[in-house]
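By letter and in written order, the chains are A, B, C, D, E and F; residue numbering begins at 1 in each of them.
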Amino acid sequence: MNVAQMKLLIDQCLAEDVGSGDITTNSIVPEGATTFAVIHTKEAGVIAGLAVAEMVFRLLGPNISFVAKVKDGNQVPAGMVLAEIEGDAKAILTGERVALNFLQRMSGIATRTSLLVHKIKDYPVRVVDTRKTTPGLRMLEKYAVLMGGGHNHRFGLYDAVMIKDNHIKVAGGIGQAIVAARKKVSHMVKIEVEVEDLAGVREALQEKADIIMLDNMDVEIMKEAVTIIDGRALVEASGGIDEESIAKIAGTGIDIISVGALTHSIKSLDISLDIGEIKKK
Amino acid sequence: MNVAQMKLLIDQCLAEDVGSGDITTNSIVPEGATTFAVIHTKEAGVIAGLAVAEMVFRLLGPNISFVAKVKDGNQVPAGMVLAEIEGDAKAILTGERVALNFLQRMSGIATRTSLLVHKIKDYPVRVVDTRKTTPGLRMLEKYAVLMGGGHNHRFGLYDAVMIKDNHIKVAGGIGQAIVAARKKVSHMVKIEVEVEDLAGVREALQEKADIIMLDNMDVEIMKEAVTIIDGRALVEASGGIDEESIAKIAGTGIDIISVGALTHSIKSLDISLDIGEIKKK
Amino acid sequence: MNVAQMKLLIDQCLAEDVGSGDITTNSIVPEGATTFAVIHTKEAGVIAGLAVAEMVFRLLGPNISFVAKVKDGNQVPAGMVLAEIEGDAKAILTGERVALNFLQRMSGIATRTSLLVHKIKDYPVRVVDTRKTTPGLRMLEKYAVLMGGGHNHRFGLYDAVMIKDNHIKVAGGIGQAIVAARKKVSHMVKIEVEVEDLAGVREALQEKADIIMLDNMDVEIMKEAVTIIDGRALVEASGGIDEESIAKIAGTGIDIISVGALTHSIKSLDISLDIGEIKKK
Amino acid sequence: MNVAQMKLLIDQCLAEDVGSGDITTNSIVPEGATTFAVIHTKEAGVIAGLAVAEMVFRLLGPNISFVAKVKDGNQVPAGMVLAEIEGDAKAILTGERVALNFLQRMSGIATRTSLLVHKIKDYPVRVVDTRKTTPGLRMLEKYAVLMGGGHNHRFGLYDAVMIKDNHIKVAGGIGQAIVAARKKVSHMVKIEVEVEDLAGVREALQEKADIIMLDNMDVEIMKEAVTIIDGRALVEASGGIDEESIAKIAGTGIDIISVGALTHSIKSLDISLDIGEIKKK
Amino acid sequence: MNVAQMKLLIDQCLAEDVGSGDITTNSIVPEGATTFAVIHTKEAGVIAGLAVAEMVFRLLGPNISFVAKVKDGNQVPAGMVLAEIEGDAKAILTGERVALNFLQRMSGIATRTSLLVHKIKDYPVRVVDTRKTTPGLRMLEKYAVLMGGGHNHRFGLYDAVMIKDNHIKVAGGIGQAIVAARKKVSHMVKIEVEVEDLAGVREALQEKADIIMLDNMDVEIMKEAVTIIDGRALVEASGGIDEESIAKIAGTGIDIISVGALTHSIKSLDISLDIGEIKKK
Amino acid sequence: MNVAQMKLLIDQCLAEDVGSGDITTNSIVPEGATTFAVIHTKEAGVIAGLAVAEMVFRLLGPNISFVAKVKDGNQVPAGMVLAEIEGDAKAILTGERVALNFLQRMSGIATRTSLLVHKIKDYPVRVVDTRKTTPGLRMLEKYAVLMGGGHNHRFGLYDAVMIKDNHIKVAGGIGQAIVAARKKVSHMVKIEVEVEDLAGVREALQEKADIIMLDNMDVEIMKEAVTIIDGRALVEASGGIDEESIAKIAGTGIDIISVGALTHSIKSLDISLDIGEIKKK
C-alpha cells in the first residue's frame, strides 16, 4: 500500500471516529499540553502495523515523535513496549483508539499466520491468504500475513486468473475454461484452476494450467494428485485448513496452502496505550 | 449509514477487489449471459447485511433482481437460502466475494451478539458495543450489533463524553474532569466516567455523571457500586466479559454491559453463493 | 473540525475561486516576488477564523509566514491589525478573497453571538446555535458561535434526539415519541422534546425528557413552565429571539436560549487585506 | 452548476447533518411509512433553489414525488406553497433541514437582489454580484442572484482579469498593469481595472481597458468619469452601495453596479415544511 | 474499467470542460429544447470508445437516447455514422467535445494497433501495449488496443514482475534478480526479464524466467535467442518497432511484440458530431 | 494548475500505475537503499513538465532531491541532462514511468508548438490551442503550449462564449446568436463567433462580436475578411492548419491561429531516466 493510499484510508478512519471533534479530550486537555506515552502488548504475538499507527498520530499532530522499539514481523512477549510516543497530548489521546484498532487487528493476523507457518516449518510449503479479507483493508491485511511469515495469493480479480466451479460450469468444462482464459488474458498472467477430483487434475494438466488448486480433498487423494502432476504445475491445497490439519496437508507434497481464516476470522492482539505525565504549555 | 455513504464504501471495496477488471470472468462468461444464483448459509446464525450484499450486485449490474428470503436480524439454520439473485452472470460472479465478505462478517457479529444477549435475557440489561470496530466499517458493525439484539454505545469521539483514566490523570481527578467537560460541551451531551473502585464511584456521583462505567471490577464490588449509585446514574460494566461471565455480571444490577470483542474479534459466518444454469444472450 | 477536514474544505474553496489559475496575478506579479501584508478590521467586532485564513495562505504558499496579532474570541476595535503575513506575493494576492470570505463570515457570527451573550450576562443562561447553518460550513460556524461566547446545540441529526412537532404527530403524542426514542437510541444520548404549551411540558416531564424546549411561548407561560419543571429537566427557549427580547426571556429562569439567526442570517464583519512593498527576486 | 457537482455538494451537506443517522426519526417513524408534506413561505420574497431542495429529498428517498408549485425567480407572498412532496416519511423528515437551509439562503439572496434591481428598473444598468460569496456555495449564490433579476460578475480568478489597487502597486501603474495582463492572458479574456480617480480613468482608457470600475467614487465624479469614457469601455460602480444609494448611482450613466452585500451578508427567507398524515406501510 | 470508475473519470473530465457552465449553449439554446444528432467519421479507422461517449451524454442528460450503429472494434470507412443521439439539445451540445475527445483518441489508438496487427497477421504473434500510456487513461487506452486486435501487457507495477536493466544493476545480475523476485512475490505472478544479449538470455533461462524480453536486438540475434530458448519461456521483442520493421521481427519466431508508440504517440481519428433540427418545448 | 490539483492528479496516476505496489522493485531493491539518477533527452525538443516530474518523485519519497538542470520552455539538444535526482532507490524506480509519461507528453506538445511558432515568427500572430485536449490533462497540456511559445484559447465552456455552427442553427442566425449570448452572459465575457463566409463576417461585425473565427477559409477569402473587419474585432483562423500552411495563413493579417493538433495528436518526446550506483543502507 503506497503512502498516499494509506494516508487516505487513515483520514477516512479518523473522520469516522473523530467526526466533528473529540469532545472529551478537547474539554479536558489544555491546548498545547504535551505528554509521553507507550504502546505495549498485553499478550504475546507477532507485530504488524507500526507504520500505520505512526501515521495516525502524525496526521493528528504533525510534530509528534513516534519511535518504534520493535519491527513489524517481530515475535514479542506480553508486556513488550512496541513504541514510545511524545508530543501533543490531545493528538495522542484522540488518535489512541484508531491507532490501536489498526495495530491490534494487523498483529492478530500476523500472529495467527505465524502459528500456522510454524506448524509446517519443516516442509517447502507456503501458507497464503485469500480474497476473504475485510472490505477496505485488503492491502493492510495481506501485509500482515507477510509479517507473520506467510505469502500472498492474488490481490484481486484483476491480477491473476482463478477458475472456480462456477466458471467451469459456464465454460462447459475445465479444459474449455482454461482455453478461453488463455486466449483473452495478457501473456503476463498465470492461470489457476480449482479441481475437485483426479479427473479434474488431469484435465487441468492437459491444458497446462499454471497452478492447480485441490479443493477440500482428502489427504490420500491429494498425494495421488501430487504424483500425477509431477512438477508440471504448482499445487495448492485449500478448504477448511487449520492448526490441526495443516502439517498433514503439508506432508502430501503440495506447494501452497491457502487459509481463508487468516483474514475472515480475526482475533485482535491485546495491545494498550498508556500516557505518562502531562506537561502544560 | 445513509445510502450515499454505503454506496461510496462499496464502490471503494469493489475497486479494491475488481481493480482493472475481473479477468477470469471476463474471459470465460459470454457478454450478456444471465444466470440465477442463491446465497445460503452453511452454518446456523443471525443474519445481517443483506442490503449491503444487494447493493454490491446492483452497482455491478443495474438490472439484477435480488430477492431477500429472510430479514436482517433473523436467526436461521444451516442450509437456509438468504437471497435469490437473477440477472447478468458477469456481475453476479464478479460481485460474489465482496458481497460475501460484507455479509459473512456482519452476520458473524450479529450471531455473536445474539449469543450474549440470549445469556442475559432474564435481566433488564443491554449488551452494547464499543469503539473497537474495524477501521472503515463502524456503521455496518454497529448495525450488525443491533441486528443481533444488542444496542450501541457512542458512535465516536464526537457524540458523547467518555472520561477514561488518561483524562482523569490530566484533569487531576474524576471530579475535576467532569466539571471541565460539563462546562465546555453542549447541554445535549451525556457524560460517562470510567472508575476503578468505589471511591471513584462516589466521586463520579457527586459531580452527577450521567453514566458510571465500572472497569474490570469484581462482581461483589459491582454489586456494592450499584447499591451506592442507587439509580442516580446509569451503570455500565466493562472489561473482558464473555459467554462465561456475562450472566453473573448482569445479575449485579448494572444497566449496561459493553463487550469489545463483539467487533474486535470476529468469526465470519459461513455463507456461500451458488449459481444455476447460464442463459446465453 | 479536524485539520484534515479543514484542509479538504479549503482546497475545495480554493478550487472554486482559483480554478485554472489567477490570471490577473499570474500575469502581473513576477515569479518569486515576495511581499508583506496586513489583515485589519474596518469595523469593531469579535474575531473568529484566523486559523482558517492562515491555512488558506499556507496551502497556496508553503513558506508564507502568518503571524496572528489577536486571538479568536478577542473583541477588537476598527482598525486593528489581526495578522501580519509575509512571503510569496502571488500566494498572498491569490488567497486574499477566500481567506477574507471565511474570516469575515466567521467574525460576523462571533460578533452577533457576543452581542446577544452580553445582553444576558447577568443570568445563568447559555446562548446556543441551531442546525440552521450554511450548508458545508457547520463546524466553522459552530466554532464561531463558541468564539462569541455562545455554546453549541447538537451538531447534527446523529448526536442527540430532538423530538419536534412532526415527530410527535407520527408517534401519536409526546409521551409515545419519548418512549419510542428511548427504547432504540444509545444510552449515551439525551432526549429533547419541543412543546407548545403547558400540557406538553407535563407530558414531557412524565416521560423524563432530558431537555424540554419551549417553542415560541409567551414569557409568562415560560415562567410557569419553569416552575412546573422545577429542575427535573433542562429548559430551552426557542423561536424568533433577538436583541430586544433576549434579556426578558433569560429572566424567566430557563437554562438555554437557542437562536437560529446566529447562523441563518449573517452580516459579514468588514475586514481587509493590504499589501506593502513588493520585493522582486 | 452541473448536476454532478450539485449532487456532490448535497451529498457532503447531508453527510454533515445526518452523519451516522437521524436517530430521532429512525426511532420514531416506522420503516416504510409514507407522508405528504408542503414547503411554504412565511414571508414574501423571490424564490431560488427549488431544484436543490428537490435533489436533497431525491438523494434520501429515490421514489419521492416533489412537485414545485412555483418557479425559481417568482416573487411570492407569505403563505405560498412552493412545493408538494409525497413519499417516504423518514426521507422527508431527515432531509427537511438541509433542504430548507439551501432554499432559505438562496431565496434570501434572490429577494435582496430583486429589491435592488427594482430600485433601478428605469435605468439601463445591471446589478451584479462579486466574489464575496460563501465558501463552497458560489455557483448556487450566483444562480440566486440571476433569479432575483441580477447578473453575474466573473465567476472566479480564472475567467477574467480584474486589476485592483494591489496589482497596480506591483505593476508600477495602471497602464503597466494592463499591458502586462494583455500580453499574457488569452485573447478571449476581458480586462477590468479598478480606479479611484479621474487620472486613473484616463490611464485605463489609454491602454484600452475593457471595463473600468469606479471604486467608491462620489456621484459627481462618477458622472464626469462617464463623460470622459464616452462609451469606449464599460463602466462599473462599486463600494458600499445599498437600497438608499443605488438609484442615484444608476443615474450617473454607468453600466454596471456591483454589490458585495448580495452574498456577503445574507438574511434567509423564512420558509417552512409541514407534514400531513403518516400512512404506515 | 468498471462502470463506477468510468463514471468518476467522465465526471472529472466534464468538470474540467464545463466548469461553472457552458455559457454559450446556456444563453442560446432554449430550456427543454430537443434535437437529433449523428456522430460520424471523417476518415477511415477502427472505432473504440462508444460506451464512453454514450456515458458522457447520459451524465449530462439522463433521458438522452444514444444508439450505436457500429461496434467497438469495427473497421469503418470515412463518412460512417457511428451513433445516433436524440434528446436534450443543451446536453448534446455541451457534451460534444468531451465525448469526441475520448472517442477520437481511443479510435486513433485502435486504428494504429489494427494497422500493426494486420502487418503480422500471418504469424502466431501478439502485438501488445506498454505502460507508456496517458496518465489517467490507462484502462481506456488498453481497451482501445484490444479493440484494434492487439493484446495487453501488464496493467501496472502491481500485477507482474518486469525486471529491467536498473533492477539487474541493483540485484547484481540477471540470475540474482530473478531469484530475489521469485522468493518474495506471490506464486500467482509471472516474472519477465529484459535482456540485451545472448548471455542474458541464457542467464534468464537458467533461473526459469517466464518471459524473456529481447530489448532492441538485431533480427539475427533475435532468431538465435529464439533457438536457444526453444519454448522454455515466452519471448517478447521490444524497442522502436514500427510499421516498417514489425513483420521482419514477427518472422524471428518470437511470441510477443510490444510497441510503446501505440499509446505514447497518438494521432486522433477525425470524428465529428452534427446536430439536426431543434424542437423547442 | 494549482499545486493541490496537480498533487491530486499525480496521486491518481500513481494509484493507476503502482496500485497495490511495485512488486518488482519491492522484491529486488533493499529497503532504505539510495541512488543517483539522471533524466536526459534522447532527441532534441522543448521541455515542459519538470515540476510535474519532480512532484511524482516527491510524493513517493519525501526526502528525494530533484535538481532541474534546464527550465520549462528551454529548447535542448539530444543527450541533455534535464534533472538530477538523488534519494530513495525504490521511490526513484517506482516513479520513473509516471514521471516520464507526463514529461514526454508535455515536452512533445511544447516541441510541436515551438515548431509552429517558429514558422510565423515574423508575423504579429499568436498560435493558440483548442479544447481538443486529452481528457483530464487540459491544464498541463495548455501549460505545455505556453512553454512552446504558444498562447491559450479559452479553458473550457465556462470562461468565454464561442458560437459555432450548431449554435447558429439553433438561434436562427449569427446575429440572433450574438444578441442572445450578450443578453445573458456576464459583462466580463468576450463573444467569439465562427463564420464560414464573408456574409457571416459582416453579420458578426454588425452585432459587434469580439472575435471572429474564420473556419476553414481559403487564404484569399481570409485576406478579404481581414480587410472587411478592419480592426473592429480580433480575427482567428482555424481548421487543419499545419507546418506547411501556417506561414501563408499568418500572412493574411489575421491575429490568431488555432491548431487542434497541438493537443489532439501527440508525439511524445523521447526522454529517459538512468540510475547510477545503489548505496545500501
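Quick note on the criterion: contacts are C-beta pairs under 8 Å (C-beta built on N, C-alpha and C of every residue); 3 or more make two chains touch, one makes a residue touch a chain.
Only a predicted model underlies this, so the values are computations on that prediction, with no experimental measurement involved.
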Shortest path length from subunit A to subunit F (each step joins two touching chains): 1
Pair joined by more contacting C-beta pairs (E-F or A-C): E-F
Same-residue or different-residue interface between subunit B and subunit E, half as cut-off: different
Of all other chains, the one whose Cα centre sits farthest from subunit A: D
Distance from the mean Cα position of subunit E to that of subunit D, given in whole angstrom: 44
Separation of mean Cα positions, subunit F and subunit B [Å, integer]: 52
Where subunit B and subunit C are represented by their mean Cα positions, the distance between them in whole Å: 33
Subunit B, residues touching no fewer than two other chains: 18-21, 139, 155-156, 158-160, 186, 189
Residue ranges of subunit E in contact with subunit F within the complex: 9-10, 12-13, 16-29, 33, 35, 89, 93-94, 96-98, 100-102, 104-105, 108, 131-139, 155-164, 166-167, 169-171, 177, 180-181, 183-186, 189, 264-268, 274-275, 278
Subunit A contact footprint on subunit C (complex, rising order): 1-5, 139, 155-156
Contacting residues of subunit D [partner subunit F, same complex]: 126, 128, 151-155, 158-160, 186-190, 192, 211, 234, 236, 255-256
Residue ranges of subunit C touching subunit F (in the complex, touch as defined): 11, 14-15, 18-21, 59-60
